[in-house]
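Dropping the structures in below, format is structure tokens.
You will see chain A twice below: alongside chain B first, and alongside chain C after that.
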Partner chain A sequence: MMRCNPYPKRLSRVGIAALLGIGLTVVLDGSGNLGQAQIENHVSQIFAEANQRMVKVYGASAGRVEGYATGFLVSADGLVMTTQGVFLDGNRVRILTADGVEHAASVIRRDRERQLALLKIEVEDANYFSLAEGDVGDKGDWVVAISNAFKVADKDEPLSATLGVISLRTTIEARLNRRDVAYKGDLVLIDPITSNPGAAGGVIVNLQGQLVGMIGKIINSSDTNTRLNYAVPTSSLEQFVANEKPDSQPVLAVSPPVELGIRLFTHGGRSSPAYIDRVSRGSPARQAGMKPDDLIISIGGTKIGNVKDYEQVVAGLKVGEEVIIVVKRGIELIRQPIIPVEKK
Partner chain B sequence: MMNRFRGLCLLLTLLLGLPLAAQDARPSASNLSPQDSFQAMILTSKAVRQAIESIQPSLVTIESFGGVSVVQGRIGGIRKQGEGNTTGIIVSPEGHIVTSTFNFIQQPPVITVVTSDGTRHVAKMLGRDDTRKICMLKIDTGQEFPLPEMVPVDQMQVGQWAISLGVGYGDVNPAASVGIISAKNRVGGRAVQTDANISPANYGGPLLDIQGRLLGICVPMNPQSQAVGAGVEWYDSGIGFAIPLADADELLSGLKEGKRVYPAYLGILAMPNPEGQGVWIEQVVQGSPADRAGLAPEDVIVAIDGVDVRDMMQLRKILNRQQAGAQIELTLLTAEETEPKKIRLTLDRPPPPKGTPEPLEVPRIR
Partner chain C sequence: MLGLLLATPIPGSLARQTTGPDESGDKLSQKQMELILAAQRQRVNAIDRVMGSVVAIYGENRQGGGSGVIVDPSGIALTNHHVIMGAGVSGWGGLADGNMYHWKLVGTDPGGDVALIQLEGKTDFPFTPLGDSDEVRVGDWVLAMGNPFVLTEDQKPTVTLGIVSGVKRYQPGAGKNQLIYGNCIQVDSSINPGNSGGPLFNMQGRVIGINGRGSFQDRGRVNVGLGYAISANQIRNFLPELLATKLVEHGTLDANFTDRNGKVVCENLYENTPLYQLGMRPGDELLEFEGVPIESANQFTNLICTLPEDWPARLKFRDSQGQVQTFHTRLFGLPYAKPSRRASPPRGKKPSPEEKQQLEQQQAMFELLAATPGTIRNVDVNRHQTARLIDRWKGVSRPDQNSSAVLHLTDEILDPQGKVVGQQEFWYSHNFDQFRAEQTLQGFKRVVVYDGHEFHQQSADGQEPIPAAEARSDPLIVSALGVLAANSKDGRIPFFDETDIQLDGSGLARWQNACRFRTDSESSGEFYFWLSQLGHDVSQPVELLKASATLDGDGETGGMTFAQWRDQSGARIPGQRTWIRNLAESKVLQFKNREAELLNQAPPELFEPPGDVDCP
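Take a look at the complex of A and B:
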């Protein structure tokens, strides 16, 4: 427990604070790092510190798409991180810093794949969030989501804060249909509701005031058909600001098309379950003991929900590389290794 | 030690300014400092992680294959269901699993279950309870499963921590949301209410207390509607429901035997009684329990099972607590008789709503 800490150590922390003068915002050095003294913070103070480094972004609205978002400073000289959107397409992008002062912003870089944008305003010695700290926060950790959802705050009014926890740290590869999110990599799912107009570009900070990530654009998960509340983690933001491309998969050597010797029932179209209609003689499927009427459940650990899934997964298999196929026969599940052969 | 600590707080307060000072100005109200509150939050996160870990052996991922093809937009009058996996909880050592009926709106002919050790099993659908939106699955594995500890409703308190869990987003690792119990005895006394996020991501999954014990099974519910998907429109809204299972041995054994529980249906069109208390019957549906028991238009229902029916709202509330097959005693005022008349009748299940196609048979492939 904290209170068992030796007295002198505490005193020294207080000393630091005293030397630096008047409170927390000053203790924050320009890098945005929190000193030891701030470990004992309260949500209200975390909010106050974060709010100092955050901005309101106004641009062009197009039809029903809102023309505003949230943003935050990532450098002392005015680099602002926000979300990519049509509101950046207009002639003029305005940014209000926490003190209510309006700045004309220029768009430095936009990435439609990752839905991120980097803007620039002319300021000096601004407080900012450091992106160099890397990823912080585990499932169940308290986080404060701060944004200008619904444009509730105006001028120098502080942004809106909501408290919640991290739901899950996950990768797009492991979860979510890939078509839901444009970029690959990590995501931080959170339980405070952030899928509201204008919230994108806001921050998620933990109880130490560290940046967990940036609130992402509103997206619907096709797994649940619901809106997702999530943040793009700090490391991805850092990559973007440093103008690095996300880790792309090594280009695969073109491998010849493969087959397993299975013909599926396609009577109900490609969205019907992957029932086997026929197994070719001498084929890998025959060797693996597959039979007509077996239902293919998974191949190589990927669930085969329907004929379409089967086609996609088989297209990604390689000649001679063994995978496990799981089929349902009667009420039994049968697991068999199967080795794809080159398609004739 | 404590004193020294407080002294420091005061020092800090002076240095750091108003927010802390405002709190320390009322030391008599609470001896807790902001530092304590911070520590409490850190410890709460740890407890949440432990609770999640302790339920994992009883948590399963449910996959379905095939089913009624889904048209974009809506199915059966409700929002289109997602395509993802869903969550369930093992409730018997032999492999009985309780989950939400929402997961099976598409009536998939094949259901498989992945247990916490990563093995996949074919599941059989047993009974279902349409009033609670839960159903029972069974897997045969030969292995014995650990059971979650269940909290009886009378031991739950409004305001206590509640953690919802589900694998609906697609990762085998469940996503968590933390809130509190908002109310007990909701929706005909069947559900507890929580402000933790409840959505298709965790329908069928557990609502846990901070010790990892089972408070209930997350389900979509809307007290105003009995439709199978009703309540999904309130997803992640701060109004969510879970079905407690601690005192439900009879229900669970019924579901294990394949029993189906339907909502109660009386079969009257009613309006407020213009002449005072009670509910005035405008129309009686032909062939309904009300019709069979001899209720007629212009009768007035003044009590059910000895409880005064003051208005329409209360009638609905009383009937909501019942289920099909239950016997009730109505007290009626009729035009012919001056004395109130008592009638016993058995509630039935509601007829399928007009204009909806017959429920589809499980599609047969060969």
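Take a look at the complex of A and C:
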């Protein structure tokens, strides 16, 4: 399972040394005896150029969900790449280009599986990021993250820049569990903090100003209250804009709802202990020898305190993937493997 | 520079060798490793240089937590207003040397979240001067230092490295006109609770801001990569006000501006404001503020947030007839909410020593916040700071010349168009306690002598003494007194010897940030003079910039500005003096120095009243 740790284990000691020095080394090697100041120059110029291609996106807000995001132009005629979100569900979506001019945007395409959205505004000869260059940047490379986190910039004010390195290029497996990720595919883990309100849809660029990826929607682990800082790589964005399906199956097809064939006593509501009321014939639970009145203690190592816990844990199980179920019968603890099946 | 990088073949990890994803791709060459280590050493050295000036701020009970930075060897340190709100009006400051020093609050600015404290116990504190925050760019490396989460045991600060993420940011305030961050610097260096009040350093080892807040959210007050620092240039505008022991308010024009059709126009303004009386009306377009072209209402808000009450602001606007006008007006203060109630001891119980101390602190805090804004709260502290600043001005030691030599200056007098209209000569006694001035202006000749006690003048009308009250607005006398004051020995300022000089606050003189001093005596009335603030270049001496009998150089009186000070013949000599009027400092006459010489032989009667010499 993918953990929401901002510093994945592959960022080894060598990786940290890279963090301190690689960009510097490039500058020193590349142009003789130059100092640390050169990185500053690069960041400053890269930012100024990238900022021209960035937009501020404003839409509907719903409750505590922010009604704003960042975006960037991907064509000269006004295609804008941003993140999928509730803010696109309102009556209108406004986009402010770098010059502070407001445009009405139409939503061309949304992808709830990859959390991407393509918008369109009416502009001509706009400065844009080309998605055709493919994936650039690898572990340890300096990157600049540019976004409008917390709506800090207004009108024509420049967005925010933060500096960091690529931690890892990896893929994650999507899980429709509350602590997991509704996104499957390639991603670029980064160490600048980008999991902030409004930052999604921002860009990650390397020190040559090339697009590494788009800052992804916030992924939060409710267990550890940590967040993943990542970007959706350029190649995935290109696929989306070209309206190609990804090679892999979309999220929902991977994890269909599962069942164990257990019905619990639910008269006391969802917070009552998880006693088994009935076991369906021919079900995985029957095969595992579960009986009515057994008290479920844990499934797959996760403690089951009540009916609610049981429902949440079962929702996170995968068809055909064996887990251990522990139940209490009388004064006896019984451990049995159980294989979930697809819910009918 | 970017072009250079793109055009240069890039070795190392950025241009990946085709080694695949195995560990060998992560190995660095010997040369790369050396470069990395050298860069690291360089950074460590830079940190070492400034670290000594960082303060961990605690209350009297040595609890609580905040940070600060010493900006002057006398122990003047900056922190946040919200830090002293927690710590109290005095407490302890831990330095990287491992020692704790007692501190006392000098002045505070709740509106901009800046407080100024005085550390005690040493006269040579390590310090870091303020830098120029207008030069800060997105992408600059910055170091934040302080005491996040009250981590330090040995008082050494925590260092976090990052870049500038944004400049000219605005973060709204809390309460009534409080804690507003205008034109501030946004950084991605980690800023956490406890970092408040600590310095943001650039890589040249200058304080470019004071870290005060971050963007937080439902996850609690932990760094999420957006920290904000109050700019050094804003702080510089408030520094003399804070040193003067004031509770400082921020300035306002009492007018609202809004964006309309790509212009910034006045939306509304009060009829009794100077702006209205000077002719501004709703709908007029704001073109410039403080010399900066205004492109949005937000930008204007950002700029005015950085100025204190009474600031002499300049603005340019276009009225409905299309006429462009320039105004100079002093800003009004934006009031704060008064503290609601006085702390009182619990009834019927004798407080413990700790409770008593706490109560005293609460009482002192109440008095601080209940003080009338803009007034000098503590005369003794003000006198101390005044003496220190004047010492800084006059403390520059100069080689002693011939014990009886007289300094002789010759100036040309020019009108505002640069046409020569006269000439003047000055003789200054060796001790700079007497002078003689002779002026020929548009055909009229005037001689003024100061014998160390009184002024006498001789003109076509005859010979007469000049009352002190008149002397203070006499251009010839004020220009001579400026040179006397800059050069007199033993920290004395002739003519003002007997009067009490106070640091009056911030101001502008010759469009430079200045400390304004005020004297008031029965014999001579009010008098003001302006000294330059310590600039970005610490080696720059403090100079006299301006002197005037009135605050704004109003009406007929005007004031004198001094420029191009230089060392010559063992004395500080102004290359140019200008008689000016009003807040706009409109030129009336200019005095350009043409000659300066030391006279070893001078007639003894030189400094005697002219009548005694000339009468047959």
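Please note the rule applied: the second predicted complex is superposed on the first by the 194 of 344 C-alpha atoms of A that agree within 3 Å, B and C clash if a C-alpha of one lies under 4 Å from a C-alpha of the other, contacts with A are read in each partner's own complex, and residues count from 1 in each chain.
Here is the rule we go by: a contact is a pair of C-beta atoms (placed from the backbone, for glycine too) under 8 Å apart; a residue touches a chain by one contact, two chains touch by 3 or more.
Note that the structure is predicted; figures quoted are calculated from it, not measured.
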Next item on the list: Report for A:L295: first if it touches chain B alone, second if chain C alone, otherwise both or neither.
Entry: first
Check: So, does A:F150 touch the first partner chain B, the second partner chain C, both, or neither?
Finding: second
Note to self: Let me test your reading of the model: by the given contact rule, A:S44 touches which partner, first (chain B), second (chain C), both or neither?
What the structure shows: both
Next item on the list: Classify the contacts of A:T194 with the two partner chains as first (chain B alone), second (chain C alone), both, or neither.
Entry: second
Notebook entry, point to check: Touch check for A:K303: first (chain B), second (chain C), both, or neither?
Noted result: first
Notebook entry, point to check: Touch check for A:L168: first (chain B), second (chain C), both, or neither?
Noted result: first
Margin query: Just checking: does A:D141 make contact with chain B only, chain C only, both, or neither of them? Give me first, second, both or neither.
Written below: both
Next item on the list: Using the touch definition from the top, say if A:F265 reaches chain B (first), chain C (second), both or neither.
Entry: first
Note to self: Tell me the contact category for A:Q52 with respect to chain B and chain C: first, second, both or neither.
What the structure shows: neither
Next item on the list: Could you list which residues of chain A make contact with chain B in one structure and with chain C in the other?
Entry: 14, 17-18, 22-24, 39-42, 44-45, 48, 138-142, 193, 207, 225
Check: Within the complex, which stretch of chain A touches chain B?
Finding: 1-4, 7, 10-11, 14, 17-18, 22-24, 39-42, 44-45, 48, 138-142, 164-165, 167-168, 170, 174-177, 189, 191, 193, 207, 221-229, 265, 268-269, 271-275, 293, 295, 297-298, 303, 305-306, 326, 328, 331-333
Next item on the list: Please give the residue numbers of chain C that touch chain A in the complex, ascending.
Entry: 1-2, 4-6, 8-14, 16, 23, 25-28, 31-33, 35-36, 39-40, 42-43, 137-141, 162-166, 168-169, 186, 188, 203, 215, 217-219, 223-226, 296, 298
Next item on the list: Using the touch definition up top, name the residues of chain A that touch chain C in the complex.
Entry: 12, 14-15, 17-18, 20-31, 35-49, 64, 100, 138-142, 144, 149-150, 152-163, 192-197, 206-209, 225
Next item on the list: Going by the contact rule at the top, pick out the chain B residues touching chain A in the complex.
Entry: 1-2, 4-5, 8, 11-12, 15-17, 19-20, 34-35, 37-39, 41-42, 44-46, 48-49, 52, 63, 65-66, 69, 79-85, 109-110, 112, 120-122, 124, 140, 168-179, 196-197, 199-201, 235-236, 363, 365-366
